[in-house]
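Chain nomenclature is as follows: A, B, C and D, assigned in order of appearance, with residue numbering initiated at 1 for each chain independently.
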Amino acid sequence: MTLLEFARGPAFQASVLILIAGVAWRLVAIILLRRRPQFAEPRHGLPARIGGGAATILSRFVPRRTFWPRIAVSVVLSATFHIGLAIIVFGGAPHILLIHQLTGLTWPSLPRGVISLVSGVTLACMIALLIRRLNHPVLRLLSTADDYLSWLLVFLPVLTGILLSGETIGGYATLLALHIISVELMMIWLPFGKLMHAGLVFAGRGLMGMNFSRKGAAT
Amino acid sequence: MQNADDKGNANDDETLGAMLSARGIGRRGLLKFAIAMASSLALPPGVAPLMAANLAKAKRRSVIWLSFQECTGCVETLLRSSSPTIDQVIFDFISLDYQEALMAAAGTAAEKTLHDAIAANKGEYLLAIDGSIPTKDSGVYSLTGGRSNLAMLKEIAADAKAILAIGTCAAFGGIPKAFPNPTGAVGVEDLVSGKPIVNIPGCPPVPEVLSGVLAYFISFGKLPDLDERKRPLAYFGATIHDQCYRRAFYDQGKFAHSFDDEGARQGWCLFELGCKGPTTHNACASLKWNNGTSFPIQSGHGCIGCSEPDFWDAGGFYTSLAGGSAAGWRNAGIAAAVGIAGGAATALAARNKSRPDPEDKP
Amino acid sequence: MKNYNFLDDDQLVDALLVEIAGMLSRLIADGEEGAIDLLGLPLSPSCVAELERRLGRGEISVGLDAIGLSEIRETGFPGVWWTQHADGSGRVIARLIEATTIPAILRADVEDVKRGQKLLLASTHVACKTSRSAS
Amino acid sequence: MNIAPTPPAGGAIHPSEEQVALAMRGFLADIGPASALALDSCIHCGRCAEACQFYVQTGDPRYTPIHKIAPFKQAYEREMGPFAFVYKLLGLTPKVSAGELMQWQELLYDSCNMCGRCSLICPMGIDIADLVEQARHGMYVAGMTPPDFLGVLAEKEKSTGSPFGMTTQQLQDALHDIGAKYDVVMHVDEAQAEIVPTISSIDLKTYPSSMAAIAKILNHMGASWSFRTDGFDADNVALTAGDRAGQRKITLGVVRAAVACGAKTLVMPECGHSFTEMRWEAANAYGKNLPFRIVQITELLAEGLANGQIRVNKAPQNATYHDACQLSRRGGASAAPRVILQSLGVDLHEMEDAGDANWCCGGGGGVALIKRAQPLRDKAFAIKKRQVEATGADKVFTSCSGCRQTLDHGGKATGWNKEVASLLELVADNLRD
């Protein structure tokens, strides 16, 4: 079995299963914690609260104007990096192909030049974010091993993806295998660390939006 | 090839230069051959005169060709070149002393030829092999004259100057080795050690590669530079993808999505249709087939990666390289159930730690 | 090799012409001959045609018939030769640009000359019909 | 759950192992899906620091809001997280130490107004202010509240029903004295009343005029109303201290008193936290829906102005309005004060970030009751001062006595001459008959 076969076969299957089990575990372990009933008369009805939750999911993508001057660097870097990742994952031809083969869904891909450019920008943003994390006093205080591991596990797929598309070092098969394995490592870690925020962000914002809408508070 | 055989061993002491002159091929022809071979082997053009001079001084080289667990496709391919091509000149340089499919002799006469050739050229002959070698049950699945391929290889390889493993079966085991590999087939390099081996994989291999390797070996007395899989770098150094004339479409993200869509008609990249070009090392895209006429991608089909180890088991021919095999709904369901059960157990344990009542009661 | 798609024909041809000029300067300085194997380069047919056009034709054009036909001709630039070899089936097996005062393949080889001389002498002493058997 | 009967209000002493264990249990006591989700989704982006007045003013990274709950989060990750048992097994989540608890006392109390500005900036939607409140509960049960007013007041409130230990008789007397002094008819402990206003001890002690103002307005409206001395305490210092039992006791006292007189509307005074507590937690403490509604005084005023029950003269003046975090951002009552100011013809010069994104005065969340926190509080106050000055207004209105007091004190400390006034009193002073 070659490295590529391993990456595409057992490793892929194992990482998908770990991802599914881990995500289910984490979500259920949170959802089933003790809840207390709320008896206070809400300011708004349920439809408005659901609307508030949905609105918060969207509105928190862009911070309030008053916060911008102090967090612009953080917002621009992380937004660029996240949008870049989304473009690469959902716009790159090989990725669409994989999704197509797994789910039957497909859509047009972006030109390779665009993906290459976006990959470069994404990589640069990630490096800048790491440097920031290593230097900013607040981030240094907050950062844990999870932060650095998660960074690495996202960085590696981007890096190997760039090397793969340029075929700069090593053969296509080796780079492809490394790229796939790096993604699989990320999938395996996702349920256990901060990468889980990819899903929790929507739950967290939605729940806050609903709770705050209940109180009529600012979201 | 028959020519080479017809001539027998009469001219064995003669140099190749003299022999060719006698046949009306002068030194200009030899130099031209050397130029073509240097080009094919990706050697600098300046090497050609030296190569021609070496060839002129060289003696014909005895070649013993053994066919093991194979389909004769490799031999067919080498014979199918239209005459007279430059590649066939190479057969004037060798003395093909044993080749079961081509030789007139049969039975004990053939056996005798083989033993005579081995005895006469001990340590100097080239051993060419096509087909894989069954190893299961002492190699009983392929026999010649009652002897297993395994035993023959061991014996004949011992006195060879170098070994040419021709075709994917001889090089890597090929289709016989594909799952479930009932005969325990393997390639030559899995059984022979301590001898120079050159693999010329392909199902079938590109004929020009064999010509180039032979010309190099006869000119310089050694094998050309090889990659980590013992393949001549000059022919296997780049992937099909790297040399493909459709590469520009890949770079632009223009892909055929099916064999009859607009992209396919426009000749766009076949990556999505399962082309294995990016992972396949071979010279098809540059040398092409049938005297440079075409190659699979040019005729609209993706590369199937036939020159790579285990190509038969490396996913479907029409499965894109980007694809992976999903875990299946059943396994996914089990994983989700495990996760839900574990998560629920954790949550229930955690509930005991939170306050059951809003009041801080003892 | 990887990025050839990003160069257009003009850029490639210019690059080759600069390389040829470099070979000529070495030829002038110390008599060093040079050659470019065009088949070894990933050039499109249109690019080859453009290169051929830019080089032009010079004073000499020679046909060679040995294991197929070959054409050796000087380009519009003295010392730069366009050499194209085909095999018996007409397929091009080598295409070179050579920087040399005269391509080596045009010179008669000593061994060939020796053989020719024998044949020549033979042809003076015997009848025409028997002289042909030597070939 | 065994809670220390009377936690030492001091807490300056190094906490014992038993206290640490109590804190751990206290931290976990209220964690439900929402808190777990919040704790699980933090990505350590550090943006909350940039919303916090204490970090912005000092640049000290320890004042990063999410860092202030570190021991609380650690307790969760060690004991309750989805994979807590694995981390515990691998020794990746150590116990919270006594020393850490000591260190975090300052972070959880002195340097957090629970103003919720960080909750507004968090890209993950984490309500950090709410987590701080839960973390304070753990500190309280371990007897780790600051050795200061906050702890002392909370204790007194729990045992007597008022932070200042006021008896029913004393309160009745005080209310009647105020009625006499300001010439207002006072309704106290009447058997039936539709509207029941609650009382903030700050008002009682520092701004008695505001009690007169509310009486005057309710009389003007012709309402059936009454103070109830058997359940009046709107402060709920217990809430800010983290005392769940005390918080519940105070809250239920107010609810039962209102139920007893058949109230339809319970009015919360000019106070921030008390509104949050009563509006959203009283029903939960009561265990079912309340038979009356709860409004903050500005909401009642805006409502009365709108339906004509309250009629006012114009009082043109040049002023700005300071939002109480708990009423505007956290309480959803940003609009009412502005309606009132408009009705009175006040020329309102809004501060930068007014409304939802306002900055705390610096005293919220009980910080005003911690003496040693004053230097820090003053730094937060500097923002407010700068913002008020930038508006060019002569006067600052607010509808929270806590804010009013902090602004008064801050103004005095820094020789600031801006007048800080109550919105309630403004209305009371300009009623038109």
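One rule holds in what follows: a residue touches a chain if its C-beta (ideal position, glycine included) is under 8 Å from a C-beta of that chain, and two chains touch if they have at least 3 such contacts.
If you're wondering where the values come from, they're calculated on a predicted model, not measured in any experiment.
Chemist: Applying the touch definition from the top, give me the chains sitting in contact with each of subunit A and subunit B.
Modeler: D
Chemist: So which chain ends up closest to the centre of the protein, judged by Cα positions averaged per chain?
Modeler: If we average C-alpha coordinates per chain, A lands closest to the whole-structure average.
Chemist: Report which of B-C and A-D is connected by more C-beta pairs in contact.
Modeler: It is A-D, judged by the count of C-beta pairs in contact.
Chemist: Between subunit C and subunit D, tell me the centre distance in angstrom, where each centre is the average of that chain's C-alpha atoms.
Modeler: 95
Chemist: Averaging over Cα atoms per chain, report the distance between subunit A and subunit C in Å.
Modeler: 61
Chemist: Round to the nearest whole Å and give the separation of the Cα centres of subunit B and subunit C.
Modeler: Using C-alpha averages as centres, the distance is 33 Å.
Chemist: With chain centres defined as C-alpha means, what is the inter-centre distance between subunit A and subunit D in Å?
Modeler: A distance of 37 Å separates the two centres.
Chemist: Give me the residues of subunit A that touch two or more other chains.
Modeler: Only 25-26, 29-34, 36, 167 qualify.
Chemist: Residues of subunit C that contact two or more other chains, please.
Modeler: 2
Chemist: Listing for subunit D: what residues touch at least two other chains?
Modeler: Those would be 31-32, 80, 82-83, 284.
Chemist: Every pair of chains that touch: which are they?
Modeler: Those chain pairs which touch are A-B, A-D, B-C, B-D.
Chemist: For a test of understanding, state which residues of subunit D touch subunit A in their complex under the given definition.
Modeler: Checking each residue of subunit D against subunit A gives 31-34, 36-38, 40-47, 49-51, 55-56, 59, 61-62, 64, 66-67, 80-83, 116, 119-127, 279-284, 286-290, 293, 328-334, 352-353, 355-357.
Chemist: Subunit B touches which residues of subunit D in the complex?
Modeler: Against subunit B, subunit D makes touches at 1-3, 25, 28-32, 79-80, 82-85, 141, 244-245, 248, 284-285.
Chemist: For subunit B, which residues are in contact with subunit C within the complex?
Modeler: 17, 21, 24-29, 31-33, 35-36, 38-40, 42, 44-46, 49, 56, 82-86, 89, 238, 242-243, 247-248, 251, 286, 291-292
Chemist: Along subunit B, where are the residues that touch subunit D in the complex?
Modeler: Result: residues 343, 346-347, 349-350, 353-355, 358-362 of subunit B touch subunit D.
Chemist: What residues of subunit A sit close enough to touch subunit D in their complex?
Modeler: Touch residues, subunit A against subunit D: 25-26, 29-41, 43, 56, 60, 63-64, 66-67, 70-71, 74-75, 78, 136-144, 147, 192, 194, 196-197, 200-201, 203-209, 211-212, 215-219.
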